[in-house]
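Next come the structures, one after another.
Two complexes follow with subunit A in common, the first pairing it with subunit B and the second with subunit C.
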Partner chain A sequence: MQFHLPQDNPGSDSAVDLAIAGGGPAALSAALYAARYGLDHIVLESWQPGGQAALTALIENYPGVPSVPGSQLAATMKAQALEAGARFTTETVSGVEPLGDDLMVRTGTSSYTARTLIIATGAAPAKLGVPGEDRYYGRGVSFCATCDAPFYRGRRVVVVGGGDSAVKEALHLSGVVSGLVLVHRRDTLRAEPRLARRLLDCPTCEVRWNSTLKAITGDEQGVTGVDLDTPSGVEHLEVDGVFLYVGTRPATDPFRGLVELDARGAVLTRNIVETSRPGVYAAGDVTSNGFRQVVTAASDGARAAWAAFEYLDDRRRH
Partner chain B sequence: MRQIKGAEMKALVADTGKLTLVDFSASWCGPCQMVHPVLEALSAEMADKVSFFKIDVDESPSEAGAMGVRGVPTMIIFHGGKEIDRQVGFRDKGDLRKTLEGLANRFLTPGKV
Partner chain C sequence: MPLLSEDDRNAIRQHFATMENTVSVTLAHPPEGAGDSGAILGELAELTDRIRLVTAPSPETGPPSITVGEHGRVRFMGTPSGYEFSTLLTAIIDAGRTGTKLSPATVSFIDGLSGELNIMVFVTPTCPHCPGAAVLAHRMAAASPLVSASVIEAQEYPELASSHRVMGVPRTVVNGRYHAEGNMSESVLVSALSRAMASGRQDAFINLSEFIP
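Entry: the complex of A and B
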C-alpha cells in the first residue's frame, strides 16, 4: 500500500493521511493504532492533554489497571503511543473545511491537508451559569477536585451534581475536608451504585436532595458561601469551595458545518465512530454515543483509527 | 523558568519594563505538569516581554493563600507589582501566548491602544 511518507517535522501546510484532533484517551488510543497501522498521521493535541481523564483522581474501572490516578493513566497512554511512533503537536484545531476529497484542518498557527480526520476533542466541564461562578473560578470555584482538594484541608465545601464524576470527586474530597454537602437536583444519585453507596456511607458527607445551587457568594479572597434552593426554601451555606460536576459540553465548535451534531452539540455517529461525512470519524466524549468512560473512549479511538485505515485503503483501490 | 520561594515574589513582580508571570503549581497536580512545558517554551520565546517564575504551593502556602490561590495551576500576571490577569487551569500555548501578547501590548507600550 502507498501511504504518504511520514515527515519528521510537520509544519505549515503539511499533508497527512490522518489528522487526529484531541488529547484524551480517545485520541491517544487512535494515535496508538494509527502509528501501529503505519498511517501517516498527526495528533493535534487540544484543550487539556490527557482530557478529562487527567483530571480524575482515581480511575478504578479501566480493565487491567485496578486503580490508577487519571493523570498517570493518560501519561502512560501517551508514552505508549509515542513508543509506537505516534506524532504529536500541541495545536488546537480552529476549523476544518472540505478540500475536494480531502480536508483542510486549520489550527491557530498552521494548517494541514488531511485525507481523513478523527474528531476526539472530548468535552469540557459544563458551567451552571449562576452568579459568582465566573468571578470566583480559581478562587473557590473548581471543576477539578484532584487539582484543588489540598487547598480545602479542614474546610467546608459543596459539590454539585449526582453522576459518576460528582460522586467520585466528592469521595476524593471527603478525605480532606471537614464537611461536604452534595447538592443534587434529583432524589436519587445517577452514579454507579457502588460509588453512590460509598457516598451515602461517608461520615463527613451530607446530601441536599431535590436542590439546586442558585448563587455563589464571596469576598476579595474568594468564595465564602452558596445559596441553595431546597424543598424547604432558600438555604445559605457557609463554605470555602464549590466543585461543579453538572455535565459536560462537547468541544465541537470547530466542526460545526463539517459534520452533523445532535441537540447537545455532540457529533452524531453511526456504527459507533462514523460521522455524517465519509472519511471523518469521531471517538470518545465528543460523540453522541452516551456512555462516557475511559474504556469506551479508548475503544472508540481504536475503531476510528481502523475505520480511517480501511477508508484510505479503499480510496486507494478505486 | 526559575522556581522561587514565596518571599522572593514581591520584589520580582515589581518590574515595569516587563510583565511577570508567576505559576502557582504543585507536584501532585496533573494539569500543572502539562502546562509546565508550555510555560518553558513561552519563557524562551517571550523573554523580551515576560519573565516567568514558578512557586510550589506546598513550599509557600502562605503566599499562595495571600494571593487567593485555591487551585492549581494558577498563573498570575503582574506589571509593576500589580496583578493584571489570572489564568486558572491548563492553557495551551497558542491561547496563553495570545493572552500574554495582548497584555504586553496594553501595559508595555504606553500610547498604543
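Entry: the complex of A and C
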C-alpha cells in the first residue's frame, strides 16, 4: 500500500532566491539540486505531485531504475529532494510579474518575491477537438488511464494516439479491459520500438492504422461508441471508453507575457533551460525542447538549478 | 509490521506538530471489522495526542467511513491509501488549525449560501489529480455549517459511483445535480457553481463546464 503525503505552506518567509513552479521530475530534480547548492528556495508544487510521470503506469527507461510505476519513481525523487532539504508547498502559481530585478510570484492564496524562477509546470494532455469529446469527458472520455482504468474492467475501449504515452497506457489498460482498439493516424507507431512490439503482440489489442477518430457517440449514461475514418471508409465501433493520448499542451498560462512562448505555447528555450528573461529558466515538458522524457526532464531540472545558482552568484558579485 | 514507514511517520509527526487543537476522528465500520482504515488511523493516532480517535461499529454494511471533526461534515468513505492518504491527512491537519485556506472569493460564496450544499467527490487511490478536488470540498465543508463533503473511493462504493454515472475521477457532484469533471481550480469551480445555481436550472444532470466563465 502506497501513502502520499501533503506539503505544508511555509507562510511567513515569502522572499526566496529561487522559486520552482511545478511538481514533476523537472521540478523535483531542480529542487534536489537547489537544496544541495544551498539556495534559499521554495517549490510551488500545485495539486498534482509527480506531474505526468505520476500518471504513467510503468516507466522502464529511467536509467538506474529498471521498471517502476511512475508514481513511485516520482515519490522516490521527492523523498530524495526532501532529504536534501528541499522545501515544498501545495500551491499553484497563478501569475508572475517583474518586480525591479526580482519577480513577484503569485499563487491562489499568497505571493512570493523571488530573485530567480524555474518554470517546470509541465504539460497537460491535449484535446482532439471532435464531437462528443467535451460532452462525455468523465463519462467515458478519459485522459488518465492510471486514474480511471478501474471503471473499465471487462469493457471495450479505444485508445487514440501512437506515441509512447498512448502505447504505454494501452498496454496498462489491456490488462483490465475485455478488448482494446488503438487508433493511429499513421502506418507505424511513433512509440519506442520495444513498446510498439509489445502492443503489436498483445492478444487483446487491435490497431486501426491510418485512421482518425471523427466523433464520440453516447447516450445519457455516457459513451457508447466511436466513429472512425479508416482507409476502407467510416467505421463505427461500440465501446464504453475512449482514452486520448494525442500530444500535450504546455501549462504556460501563468507565464504569458513574462517569457517568450513558441507557437505551441511552450516556453521558448535556448541552451536547453534559458528563457527570454534573465533569471527565469524552464525545464521539462513545458519547454520547446524536442525530446520529452522523464530522464530529459530530470536533466533539464538539474541544469536549470545550476543556471539559477550561477546567475545569483553573478548578481552577488556585481 | 506497520503500514507507514519510519520516514513517513517522521514527516507526519512534523505536520501534526503544527496542530493547535485536538481533532476528533470517528471511524464507522461494518460489523466484520475496520480493515486497513482502522490500521491507518490507529497508526496516525499514535503519532500525536492531538487526535481523539473514536471507533464505532456501524449497522450499515459497506466499507468503513471516516469523519473528521465534531460537526460531522467532513467525511472520507473508503480506504485512505495512495494519493487519498494526503486528502485524509490534510483534513485532519486543517481541523487542528484555526482559519481557512480557502480564497476570500470562496469564503464569500459560502457565506452567501441560502441553502445547504452537499458535496461528493469520487476518487481512486491511483489518481494524482484527485486530492486537489477532494481537499477543496473538505475545506468548503469545514468553513460552513451549511456545507458537507464526502470524498468517496469509487472502487469501494461501486453502486454509489455508478448511480452518479462516474466513469472518471475526480468527479465532484454538488447537491446530486451539479457535476464537475477533473480537478478544476478553486476559482473556476466556485464561479461555475455559483453561476449554475443562479441560473435556476433544475435538470437532473448539470455539467458545470457549461458555466465556466
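Here, the second predicted complex is superposed on the first by the 305 of 318 C-alpha atoms of A that agree within 3 Å, B and C clash if a C-alpha of one lies under 4 Å from a C-alpha of the other, contacts with A are read in each partner's own complex, and residues count from 1 in each chain.
The definition used in the following text is that a contact is a pair of C-beta atoms (placed from the backbone, for glycine too) under 8 Å apart; a residue touches a chain by one contact, two chains touch by 3 or more.
What you see is a predicted model, and the numbers here were worked out from it, not measured in a lab.
Peer 1: Regarding the shared-chain residue A:L173, is it in contact with subunit B (first), subunit C (second), both, or neither?
Peer 2: Neither partner.
Peer 1: Does the superposition put A:V160 against subunit B (first), subunit C (second), both, or neither?
Peer 2: In the superposition, A:V160 touches no partner, neither subunit B nor subunit C.
Peer 1: Contact-wise, after the overlay, does A:T146 reach subunit B, subunit C, both or neither (first, second, both, neither)?
Peer 2: Both subunit B and subunit C are touched by A:T146.
Peer 1: Should A:G138 be classified as contacting the first partner (subunit B), the second (subunit C), both, or neither?
Peer 2: both
Peer 1: Taking the superposition as given, does A:A79 touch the first partner, subunit B, the second, subunit C, both, or neither?
Peer 2: In the superposed model, A:A79 contacts subunit C only, not subunit B.
Peer 1: So, does A:V93 touch the first partner subunit B, the second partner subunit C, both, or neither?
Peer 2: Neither partner.
Peer 1: Once the shared chain is lined up, is A:A21 touching subunit B (first), subunit C (second), both, or neither of them?
Peer 2: neither
Peer 1: For subunit A, give the residues common to its interface with subunit B and its interface with subunit C.
Peer 2: 46-50, 54-55, 71, 92, 108-109, 137-140, 142, 144, 146-148, 150-152, 220-223, 240-241
Peer 1: Taking the touch rule as given, give the residues of subunit A at its contact with subunit B in the complex, in rising order.
Peer 2: Listed in rising order, the residues of subunit A that touch subunit B are 45-50, 54-55, 69-71, 74, 90-92, 107-109, 137-140, 142-144, 146-148, 150-152, 220-223, 240-241.
Peer 1: Under the touch definition given earlier, write down the residues of subunit C that touch subunit A in their complex.
Peer 2: 3-4, 7-8, 11-12, 14-15, 18, 36, 81-83, 85-86, 89-90, 93, 101, 103, 124-132, 135, 154-155, 161, 165-169, 171, 179, 181-183, 185-187, 205, 207, 209
Peer 1: In the complex formed with subunit C, which residues of subunit A make contact?
Peer 2: It is residues 1-6, 8-9, 46-50, 54-55, 71, 79, 82, 92, 108-109, 134-135, 137-142, 144, 146-148, 150-152, 220-223, 240-241 of subunit A that touch subunit C.
Peer 1: Which positions of subunit B touch subunit A when the two form their complex?
Peer 2: The contact residues of subunit B facing subunit A are 26, 28-34, 38, 57-58, 68-74, 86, 88-90, 92-95, 98.
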